[in-house]
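I'd like to ask you about the structure that follows.
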Amino acid sequence: MFHIKNSRTRFGVMSQVARRLPLFLLLFLLLLAVGCETDNPQNTFAPSGDVADKLRDLYLIVMWPLIGIMVVVEGLLVLSLIIFRQKRGQAVPRQTHGNTRLEVAWTIAPALFLFVLAIPTITTLRDLATVPDGDVMEIEVTGRQFSWSFRYPNEEITTTNQLTIPINQTVNVTTTGVDVIHSFWVPKLAGKADAVPGRSNAMWFNATEPGTYSGQCAEFCGVGHWEMTFTVVAMTQSDFDNWLRDQQAGNPNSNTSDLTWHPEE
Amino acid sequence: MQHVTPAEHGMETSTGLDNRKLLMWLFLASECLFFGSLVATYLLYKGRSTTPPFPHDTTIAGVEYSGIYDIPFTSVSSFVLLMSSLTMVLALAALQRDNRRAAQVWILATALLGITFLAGQAFEFTEFYHEGLTVSSSVFGSTFFVLTGFHGTHVAVGVLILLSLFVMGLRGRLTSERSLNLELAGLYWHFVDVVWIVIFTFVYLIQ
Amino acid sequence: MLYERRARVDAQRDTNAPPEDTHLAMHGESHPGYLEYVKIAVILGAITAVEVGVYYVEAIEDLLIPILIALSTVKFALVALWFMHLKFDNRIFSWLFVGGIMLAASVFLVAWTTLDILL
Amino acid sequence: MASAIPEQRPVSIGEALRGLRHEAATYKGILSWIATVDHKRIGVMYGITAFIFFLIGGLEAMVIRIQLAQPNQSVVDPQQYNQIFTMHGTTMIFLVVMPMSAAFFNLMVPLMIGARDVAFPRLNAFSYWVFLLGALFLNFGWITGDIPDSGWFGYAPLSVQSLGHGMDFWMLGLQILGISSMAGGFNFIVTILNMRAPGMSLFRMPVFIWMTLVTSFLIILAMPVITIALFELGFDRFFAANFFNPENGGDPLLWQHLFWLFGHPEVYILILPAMGIVSEILPTFARKPLFGYPFVVFSGILIGFIGWGVWAHHMFTTGLGAPANAAFGVSTMIIAVPTGVKIFNWLGTLWGGSIHLATPLLFAVGMVAMFIIGGLSGVTHAVVPSDFQQQDTYYVVAHFHYVLFGGAIFGLFSGIYYWFSKFTGRMLSEGIGKVHFWLMLAGFNLTFFPHHMLGLLGMPRRIYSYPEGMGWDVYNMISTVGAFVIAASMLVFMFNFIRSIKRGRRASADPWDGRTLEWTIPSPPPPYNFATIPVVHARDEAWHRKYVEDDQGRIVRVPAGAEHDVESHEAAGAEGHHIHMPLPSIFPLIAAIGLPMIAFGLTYYQDTHGEWALPLIPAGVVVLLIGIFGWGLEPEAE
């Protein structure tokens, strides 16, 4: 009844594992490479704002222990296959039915680990839910198929597909949608805020360095979803004041690029 | 609607419960989630309508709208459905005592009460429609018609089952040994009744 | 014809033996008799009348919702326990039914809380 | 059982039906499959249908990967792209993993609990036919050009506003498939609770049976919620109702709540059967019982319960508010605990065993290994703020492919390799099987591991194309290459499957030295499964019939002569016809045909020239009723 080893299965476990290793190593290195490619416009690992910074840090706090757990558990899995591989003529192993103490231990251990993870999760969540004290710039973001409009209620201007903000300024966006659900997302500055028709959703962020940050609709919204991109331009306060004056004067040089999707294209 | 059960081969089921009865109760547990979702939708949208007619007397921007519900009328039809549960359980009790004629009478009475309820619902729907309430007129219209319509469809299916059992009875195939058929129909019927108890309170009475 | 004769015999038998006795003789289960069912139905009808009644009493407007929920719960329980025989039947059935109701009630309570309509 | 009253009418409908049914029993060839109520044949049909849809869904995935291989490509147009990813997701979930699991329920549940069939054989046939017709209806758009295009999750109001009949096919198709799933769910719960062989108490049931039970409960309780959601979507689409229309007070988030209230239990509907399969395979090939059976069972039940309390983690970015987000983040972390318990117990099963590295074991270990990665990346989603970045990116795509492909599909393949011999009487080639495994494992990781990086680099899901310079090019190319490797592995599998059916090594009744009851009967099993219903004395009953402890406490095999189960079956062959089996019936199919008729009527009758479709609705109802009444009136057995 026991299996006589098939000639085609003779290559050892070690060699099988060895052949898998380079693949995993390669993938692992690729993962590390992500952190280095800071010039990629939507890299969440290269934040340029306080919120995105918090999110990246939190992710790393979680990622490293999880990679550790992964290596240990996968290692044990492979190790058990190597150590306990059936040997020729081996007798039936001892029929262990379990070990309550061990099992309780590996129920409690992950529970404790997750409890620890829950703490930074909840504190960060609370930080993100409270807009920092001080001067806040309000922006009303509206998503529609397939463009974004940004209204500055206090400054009384509206722009399309480009949000201009001063650096180190807390910006509070209130999002809504007109037709279907969209999601406002600038990976280098903050997470997502869905723009739901009939509802409004709020999120704050800031940019710490001047620059142009690319953003994109993150909720599938129809045929032009993929082209529903926009930019956030962060500039120094004086540049921003100039830009604002141009806008309020209706200066055509102000750069509101029209990225609206045209079906005939 | 019989199936091969171990019991029919002279074997007991593992739990001692009849397969079909267990099936019916599982079905009813599942139905709780159906009606739960619909009632929940109704409650979520309660008071969110922006277009008249409204369910209860409402004042919006100084304008008074009188509610569309006719509580006395619905109370009567609720009472009719409630009493159909009594006739249903009497039918089963009669059949289990092998009093088949009484069972037939009570089955028919239950079906007729069910039809009366449906007629009342049809009348109500028509009235509401004439007052301008449709599936598309407001969220109240959407949730009201879909919830009560879904319930009404259940009543209609129940009436069909009862009439089928009545015909079975006429042909002498509804006996005390087969009272399970009637018992299962009864469970379904009472369930439809308790759902209406919930709807009557949460949809009609609570403002 | 056969059916009619059969029905006559049934009717005869029915008048000869009180229902409760026949019932107990035929079934080991302790289902209630006709009279008890009628009693339950009378209670159900009465509660419905009270429900409709309180609906029109303006003095207790604030208490209306809890009163109505309590009354309908009693009605629900009466039908489920007596007419659906849950009081007398296997506990598994009660667990299935109550489980379904509780699941539906709890998930939607939580869901609507997150939509800011309850809290 | 027959009525005491003699029949006086010359020929009753009942008698006519009886005649029809006995005639059906003599059907040969294709007719015998159409009228079958045998759980094994229904299981085979489920499996083959699901595999065909796996190939279709796979082709759709290939189009997606080719389109995304490089920036600025236009292999298909944006609308076609949306249609293809919508159908890919819908197909893989509802037409592949669910029915493939149903195939295993059908094939294995009666055999593993020592029953001759399921509790309701005709309801079982009905489930299959409804599934097949619903699946064809859902895919009907490929003929008319109206293909669903709003994503497998069908978020309103996009799905309400979608033009053409694509989303009608989607909505009504899922509605029909829901009926099939629920019918199956009821059937398997009753079968498992009521049809167990004498002595098989709940805690002697194989873990696969437990997971089937939990899955079935999830199905009957979760499916109603999506049914209502689809019902409301249908009213919005067909009758301009306001359920998801914000202009009239409707709320698009209602859809998301209802959809994910179903959708998250659905995730466990997809993965628990595979977990059950793996829990059977690891002990067999480690030659050692499952480590901590009660823990594995209870964690499965717990997953089923907690699975109801985590749905809003799909909605973290919709603005639920910090308290709700925190609560759902924590509940999601909690569900990782029972999941982790299962993984550790599987490790405990392998540890100290005498592991036979056969193909089924490789796939089972592959499942565990990949599921670990998917589970851990899932934990990062529970960390709500970090999910604000990952939500709707390829990071999520990576996560759920590790769970559903790396988990469910690997698990299902391990089941195919394990039980193939039981139903064909032949072995799948081990050598080719191993080639298949390593190709699939490599291809899978090559395809989906880079998705983690794409997500972290900010690539959103469901985008048709992307410009250069985003840093996504290399990973996308690797992923596409990986997809071709997976495709190649499927060709290897199909070659192995077809070749082995014809020329595979003959299998004994118990080729793997199995531990559960199905290995005590011949391969393939006779129609009645068990000549005599076995009496169960222990968990792993089949193993205990083969092995005993000797004086020194060593485990030794019972001498061959003492093992009589298989022989008793040979003897039973002659008396097999005395066993009462359910007769074939065509009424489940007839009833099932009514459903797509109604659906076609609803889809088309409001069209400009759609008058022809209106009669289909009442006609479908009539056909359904004919099916049901015929079913109710026909005699159920000889």
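A, B, C and D label the chains in the order they appear, each numbered from 1.
One rule holds for everything that comes next: a contact is a pair of C-beta atoms (placed from the backbone, for glycine too) under 8 Å apart; a residue touches a chain by one contact, two chains touch by 3 or more.
Note that the structure is predicted; figures quoted are calculated from it, not measured.
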{"item": "Which of A-D and B-D has more C-beta pairs touching across its chains", "value": "A-D"}
{"item": "Subunit B and subunit D, separation of their C-alpha mean positions in angstrom", "value": "33"}
{"item": "Chain centre separation (subunit A, subunit B; CA means) in Å", "value": "49"}
{"item": "Distance between chain centroids, defined by C-alpha means - subunit C, subunit D (Å)", "value": "38"}
{"item": "Residues of subunit B engaged with two or more neighbouring chains", "value": "15, 17, 22, 26, 29-31, 33, 36-37, 44, 172"}
{"item": "Where subunit D touches two or more other chains, by residue", "value": "5, 221, 250-251, 253, 321"}
{"item": "Sites on subunit C at which at least two other chains make contact", "value": "2, 6, 100, 103, 107, 111, 115"}
{"item": "Interchain contacts, given as pairs of chains that touch", "value": "A-D, B-C, B-D, C-D"}
{"item": "Complex interface listing, subunit C residues touching subunit B", "value": "2-3, 6-7, 10-11, 13-14, 19, 22-23, 26-27, 31, 33-34, 37-38, 40-41, 44-45, 48, 51-52, 55, 64-65, 68-69, 71-72, 75-76, 79-80, 82-84, 90, 92-93, 96-97, 99-101, 103-105, 107-108, 111-112, 115, 117"}
{"item": "Subunit B to subunit D touching residues, read off their complex", "value": "1-6, 8-9, 11, 13-15, 17, 19, 22-23, 26-27, 29-31, 33-34, 36-38, 41, 44-45, 48-51, 135-136, 138-139, 141-143, 146, 150, 164, 172-173, 175, 177-178"}
{"item": "Complex contact set, residues of subunit C against subunit D", "value": "2, 6, 100, 103, 107, 110-111, 113-116"}
{"item": "In the complex with subunit A, residue positions of subunit D that touch it", "value": "78-79, 82, 149-151, 155, 157-158, 161, 246-247, 250-253, 286-289, 291-295, 317-319, 321-322, 325-326, 329-330, 333-334, 336-337, 340-341, 343-345, 347-348, 350-358, 365, 368-369, 372-373, 376-377, 379-380, 382-389, 391-393, 430-431, 434, 438, 441-442, 445-446, 449-450, 452-453, 456-466, 469-472, 475, 510, 513, 547, 554-557"}
{"item": "Contacting residues of subunit A [partner subunit D, same complex]", "value": "1-3, 6, 8-9, 13, 16, 19-20, 23-24, 27, 30-31, 33-34, 37, 39-45, 52, 54-56, 58-59, 62-63, 66, 69-70, 73-74, 76-77, 80-81, 84-87, 90-100, 102-103, 106-107, 110-111, 114, 117-118, 120-122, 124-126, 128-129, 179-181, 183, 185, 187-188, 190-194, 196-202, 216-226"}
